[in-house]
Structures are given as structure tokens and as C-alpha cells.
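A, B and C are the chain letters, set down in written order, and residue numbers restart from 1 in every chain.
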Amino acid sequence: MSEGVVFDLGYAPHEGERLGRPGALRALYRDGLRKVLGLRRRARSKVFPWMLLGIAVLPALFFIAFGILAGNLADNLAEATFFSHSRYFEMTGVIGLIFVALASSELLVPDRVHGVMAVYASRPLSMVDYLAGRAASLGTVVFAFMEIPHLVLFFGRAWVSDGGFGSYVVENVSVLWETSLASLLYFVMYAALGFLVASFASRPAIAAGVLVGVVSISGPATDALVSTGTFRVAGLLALQHHPGYVKDWIMGDDVRRWIPEAAGFGPTASLAAIVVIAALSAAVVVRRYRSLR
Amino acid sequence: MTTPAFAADATIEVRAVSKWFGQKVAVSDVSCSFGPGVTGLLGPNGAGKTTLLRMVCGLLEPSDGEVLVLGENLRRRPGGYRNLALVPEEDAVYGFLTTREFVRYAAVLSGLGGAAEADAAIEAVELQDAADRPISGFSKGMRQRAKVAAALVGSPGVLILDEPLNGTDPVQRARLIALFRRLGDEGHTVVVSSHVLAEVERTAGRVLAIVDGKLAAAGDVAAIRRAMTNIPYRVRIEVEDPRRLAAALAGDEDVSSIGVDGRLLHVETTDLPALGRRLPAAARSLDLTVRLFEPEDESLESVFRYLVRRR
Amino acid sequence: MDGPIITTSGLQFAYGDIVALAGVDLEVPPGRVGLVGANGAGKTTLLKLLLGILPPAAGSIGVLGRPVPGDLLGVRSRVGFMPESDCLPPDQTAADFVAYAAELAGLPVRAARQRASDVLTLVGLHEERFRYLKEFSTGMLQRAKLAQAIVHDPDLVLLDEPTAGLDPEGREEMLGLVIRLEEYGIHSVLSSHVLTDIERTCDWVVMLDGGRVLRSGPLIELSAADEAALEVLGDPDPVVAGLEAAGATVTVDGNAMTVRHQGADVFAVVRDVLADTGAGIRRLGPHRTTLEDIFMAGADGDV
């Protein structure tokens, strides 16, 4: 006798594990990474992030290629570098700012504008969880984008170094944590402002533009004020200069004239400024999001 | 000659109207008319109902055919539009105006009345207590009523309402339905387009259904149902002992199917009124009491379902 | 799930000066619950309080036996929400977003993807699920919204105007889905202005008015078993006369009449009078007070 069977394709309850808040936070973090890097989205959204990373890494690659081709001259060249790690920040800092501007608005604005906050509101996540998760995603990528060029430069140098790869690394390993720390500070400064602007803007492009605009103008504007001699305090509003000033302090370098320095403040003042601005921004952002309900 | 698609004393005539957008035919050779009273316009989303409505209002030019309002093609003589008012689905109000200002503004635009008519319109929708508050503070239901008031000002002959009850709460719905019916009784041509069929049934005496761009049915709901002769009526009957009743009904030639479900009989018959007439005596002779006799597919919802599914 | 799915005691909330809830006491049993009320009566506020989106100004809340906001995360893991407003990102596919919604509720990645797939089939989204949400029609969006609300197999789902913008076929399917959720062990709270939807779908109704509970009880209580609602074919007058002669009280409303009889089974009396007069039944059943009747009697409209 032949047999047949029909499977009941009805609803099956979920019997498996439930990860609660930690699972939700991880999912939020992964989603943030995808948003920022344009993964699992249309090709268009991948272009910008990867292009920026490419631009940031290019000088380092160029330098290494040059070093390899120059061969025997490597010894002198390794010393006569046309840019140091410290100076590289002049570029990676800008890349970081642009990236934070675009990414923070990409992370915060669409969720608000399209009402997706309602979905988060019915999930085991608090408002602070959401904001912290977004900040973590942003931080991971920004930090990576700012630090990878340094890594490329560092290991590239090690490779073409006269004394050999291993010894170069051992001698100069402090460079790695110095640049990491500095990149982190750049991130904190820019991300705080980026989130601040993004929590009020209604369009990502506007938020990004406002951030880049304000930060860029803060330099010349405060410079002018400080130069007059009477508004020295304005030196604390030179937003773009604070991370740079502290970076020079960490790395023991002096890449350019820093406005807070010119205004008579020490690098610790800049460090404090970064921390205070970050804390204030965080408070405002949390308050803003709480009022959205 | 009038057929159900055409109203007596028609105020709006739709003559062989078609509309296409590129390759897509949204409305295909529709002929019908609207007259005094309330007519419901129904159709699935994307079936051409909204397109037809816009052509009736003059917002769109037909690709073929013409629409006449009170005998005139209004796209050639826009002056006639003052006798036609539209309550669109979209939020079409200026938030910074108060109700009174908004309705008076509409009155000025249509040239149909002044402050007194505006106030009367506001009272008709029961917004008089909120007449001097800005519309931006209103709930969706109140904004909807403000739009209706603006359309009512000066009592236009033709009133076209696209989802007028959107966002309104149950009390407001009931009152607005009563308002539309009254306007229909007073002789206005009221066309209501809505997806909530139970309410269309209460508001409109006559309905037109657009499916896939064509006119699928027209007339009053019971008559449309009767016209679906290939679909037997379904009715639920409750008696203490359904199987005995089932046995009695099984001999009836009109009855095409009987189902037993607890105390209920589900009966399909091609002649529902005949069953309704036979049943009391039949039940008495079997010493059974009928507690429920409920037609299941006479409603506009059922009729509509049949219209849409037969494609 | 035994025990009430929702309990509130003395619940209050105000937006500044405007009082939204002025002391709400509820004990709602498992099942499909309708939530009705005039605009501004407090429905949306109540939903937000149940989800812990807003903190109560006073009073206590229990959802599925857990306190809100005491066990907020626990509650949110077991409750789903289908908002009235848009909540879907246009630049993601339905499959993608619903899986993400499941992960956000705590499901492991693989389970989330599996459940998303199952639930999308359940709500009737097939090949469309791989298209971007920006291309979805209203009906499809509502389904996707429902999908994200139930993807994590909640015990309770809150639906705010789930049939808004849907055409008649869509409404019917949506309400059918809500009814089926009960079979899957998912209770629901359905907030809607369309009372006929509630009457069709729910077995318990909570009516709010001016921030208070006007009524909270089973829907069937609304039928009176000893009153008959009758519509006859043809002229009702002989029938009315016959019924009154048989000792019944008849209230006529157009073509319909409500019949009451003190001493006898009113349906038997109706049957006999109809048989004697030869009139045909158009419709017969217990007189049902509709939700609308209750509303009009007890509630004030908003101003």
C-alpha cells in the first residue's frame, strides 16, 4: 500500500533562545556598520565610504611604492620622509570629519524621518541604548578609516626600512598606540558634533553640510578673534584644532600653529574642551531623542 | 432610457471615457452618470477609481470621451466649476488659518457665498466651537470636517468626496454620514468614494464599482446582488434541530447546498426571498423555532468581493 | 496564557496641561481586544504607555503579567507593535528589514532570518519581499508592518488602525490575519475608528472617553437574547399588527423592527405571526446593540 503525507505548514512558534537586550544591541551595531559602509544596500551607498577610505590610504601607498622603487636610497628616504605620521593627520583628520558628517546623519536622520523609531520603541532597547549603539558603529568605522592609513604607512616603512621589518616595528611601536589615541580623540570630537547636528536635521545632506561648514569656519573665525588679542577665550571654540593640538602633544610634534596654542592655552585645555563638548552634546542629543516620543 | 449605470436627472455624465498613461490603461471606456442623491464609487486600489474621480472633477483630461457636468464640458468652460466642490483625500488645508478663515477663503474662491454661508457650513459639520482655532492644531478628523465645510459653502450642486471619513472617530463618522444623506435627500449630487463598504452602504442608495479600469457593476446593492444569478445566496439559519430542517429543505429545487454546523444550517439557494417566505410555516410544522436567519453575502462587502474575484 | 493580558490601575498621563488619561482601571482577559474612542480620548497614549514609550504620571501598568516599566525589556520582548504611521525604511528590502526587526527583538541571526521568511509568507508577501520597501503599495506596506510586529513570536500584538488605507479586499485579508493570530497564540489589541472592523474581529471591547474607561467588557454582552431584530419582505404593517396582537412590544425603525415579549419565547411568537400572515423573513436574529449605539449614547465627539 502506498502512503502519502501532507505537512502542516501552519504557524510554528519560536521555541529557540531569545537573546534579549544584548542580542538587540549587537543587531543594532551590525546594522549601523552596514548603513555606514553601504553594505546590503544599493551600490550607490557603497561608493562614498570606500572612496574616502581609498583617498585616505592613497598617500601611504604612494609613499611605499616610491620607497620600493627607490630601492637603495631607501635608507635616506626612510628618514627624509615627505610626511610623518603626525603630519598625516592633516589629511586623515579631514577625511574623518567628512566621513563623520555623512555617516552620523546617515545613521540618525533616516530612522527619524521614516518613523523607524517606532520599531525601536517596541524592542528591548532604551533610547540611550539606541544612541550608544549608533555611536559604537560610527566609532568602529571612523576609527578604522583614520587608523588604517597609519597602519599602512607604518608597516610600509617597516618593510622598506634598512634595519629590517622586525627591528623597525619594535623600535617604533609607540607610534601605533599614539596614532590610535589621537584618532580616537578626533572621532570623539567630530562624532559628538555630528550627532548633535544629526539629531535635529531633517535631511542627511543638510546635516552633513552644516557640520562640515561650522567646523571649517570655526578655524578662521576664531583665529581672527584670537589675533585681535582681546578674545583669547575664542581659542577654545576652534573646534577643528583641539584634536590636532592634543595629537601633536601626544606625538611630540609640532605640525602647525594651533589656534588654542596661540591663544595661550595648553594642550590639556584642548583635551578638556573635547571632553566637555562631547559630554554636552551627548546630553543634548539624549534629551532631544527623549522628547521625540 | 435609464439603466442602473445612468441616473435619472443626471448632473454628471461620463461618456465613453478612457484614460491611459503611456502603456497603462487606467480607465477603459467607462460610460455612466451621477444624479441627485448619494452615489458610492468603489474599486480596489489602482483600479482606476481615483483616476475617474479626477476626470469627473476636471483635474485630469480624458484621453478619450468626455465628462459633462450640468451639460457642459467644464474643461472648456471652467466657470462652471463653481458648482462642483471636491473634498480630496490629501490634507489640503492651510494650517495657519482658523476654520472660519479657511472656509471663508473657500467661499471667496468659489464665489458661492459670504461669511454667513461660511458660518452655516461650519455649523453643518459641527465645528462651531473650534471655528476660531488654527487648523494646524486639529486632529485628523477635525481637519477632515474643515475640508467638508469648505466644500459645502454656498451649497454647490455637486459634491465629490474622496475618502471623507479618513481619520474621523465613530461619532464624527455617524454624523457626517447623516449629513451626506441629508444633502442627497435635499437634491445635491453627492459622490462618495470610500473603501469602508459598510459605511458606503449606509450612505449611498446607488453604487458604481470600477474594477481594472472598467465599470463592473452599477445600481443599488440588492439589485446588483440579484443580477449575479450564477452565484447562489448564502444564508445562516439557526434552529434547535438543524438536520430535520435540512431534510425538509433538501427537497427544494432552489436550494443548491446545505451545510450543518452545530446548531447552524448554512444554506445556498438561488431564490432567497422564496426561502424567507417558506421558512416560518415550515419551521412551525416541524415544531422548530427559527432564532437566526442571516444572509451572508448580500452586503456590499460580499458583492464587492464577488465583483473583484471573478476577474 | 492565563490571567489578564493587560491590567492598569489608576493610570494617568498628561501632555503638559492636556490630560490624556485621567485614571484608567482595566483588567483585560486574553483574546482579541478592540480599543475604541473618540480622537483625543486617550487611545494612542494608552498604547504608548503599555509599550513603555511614555512613563505614567501616576498609577501602575501590567502587560502579560509583567510590570511596565519595571520589566520593560521583558515586556517588549513579548509584545509586538504595528504603528499607524510609517515605520519602514525605504532603502531596505522587506526580507532584510523584517529579519533585522527579529534580531532587534532578541532572536539569533539564523532564527531571525527563518522566522522573517515564515512570517512574510504568512502575511502574504511572496516575491515582493526581495524588493525595496520604497516600491511597496499601501497594502503591501501594511502587511510588512504587521510582519515586523509578529516576527519575534510575541504573545501580544498592538495594532493601531491596521486597515487604514487598505481597499476592501485588503481590509478583509488584514482582519482575517488578525483573527488567525489568535490560533497561533498571539493575542491582539486592535485600536480602530472603524467600529464594524472591531465588531467583526474582537471578542472584548475597551471604550475610552475623555481619558477614562467608558466600558470594558465582552462583545457578546451587547446582544440581548430575549429581543429579536426582524426585517420582513414587503409590507411590515400586518406583521407589526399581528405581533402586537400576540402581546409583543414592537419598535419600528424603517424596514426593521425590534420585538420583545414578556411571557413567551419571542422567536416562537415571531415565527407564528409570520407563518399566519404569510410574510417572508428578510433577516432575523437577536437584537444586537452595535458599538456605534453605545458610542453615540455615551460619548462626546471631539471638538
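Here is the rule we use: a residue touches a chain if its C-beta (ideal position, glycine included) is under 8 Å from a C-beta of that chain, and two chains touch if they have at least 3 such contacts.
Treat the numbers as computed from the prediction; the structure is a model and nothing was measured.
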item: Geometric centre: closest chain by C-alpha means; value: C
item: Farthest chain (mean CA position) relative to chain C; value: A
item: For chain A paired with chain B, centre-to-centre distance based on mean C-alpha positions, whole Å; value: 58
item: Approximate Å spacing (C-alpha centroids) for the pair chain A, chain C; value: 48
item: Separation of mean Cα positions, chain C and chain B [Å, integer]; value: 24
item: Touch list for chain A against partner chain C, complex; value: 10-14, 16-21, 23-24, 26-28, 31, 40-42, 45, 110-111, 114-126, 293
item: Touching residues on chain C, where the partner in the complex is chain B; value: 36-41, 137-139, 164-172, 193-196, 233, 265, 267-268, 270-272, 274-275, 278-286, 291-292, 295-296, 299-303
item: Residues of chain C touching chain A in the complex; value: 48, 51, 53-54, 72-74, 76-77, 79-81, 83, 85-92, 96, 100-101, 103-109, 111-112, 115, 118, 122, 132, 148-149, 152-153, 158, 180, 183-185
item: Residues of chain B that touch chain C when the two form their complex; value: 42-46, 126, 129-130, 139-142, 166-175, 195-199, 273-274, 276-281, 283-284, 289-295, 301, 304-305, 308
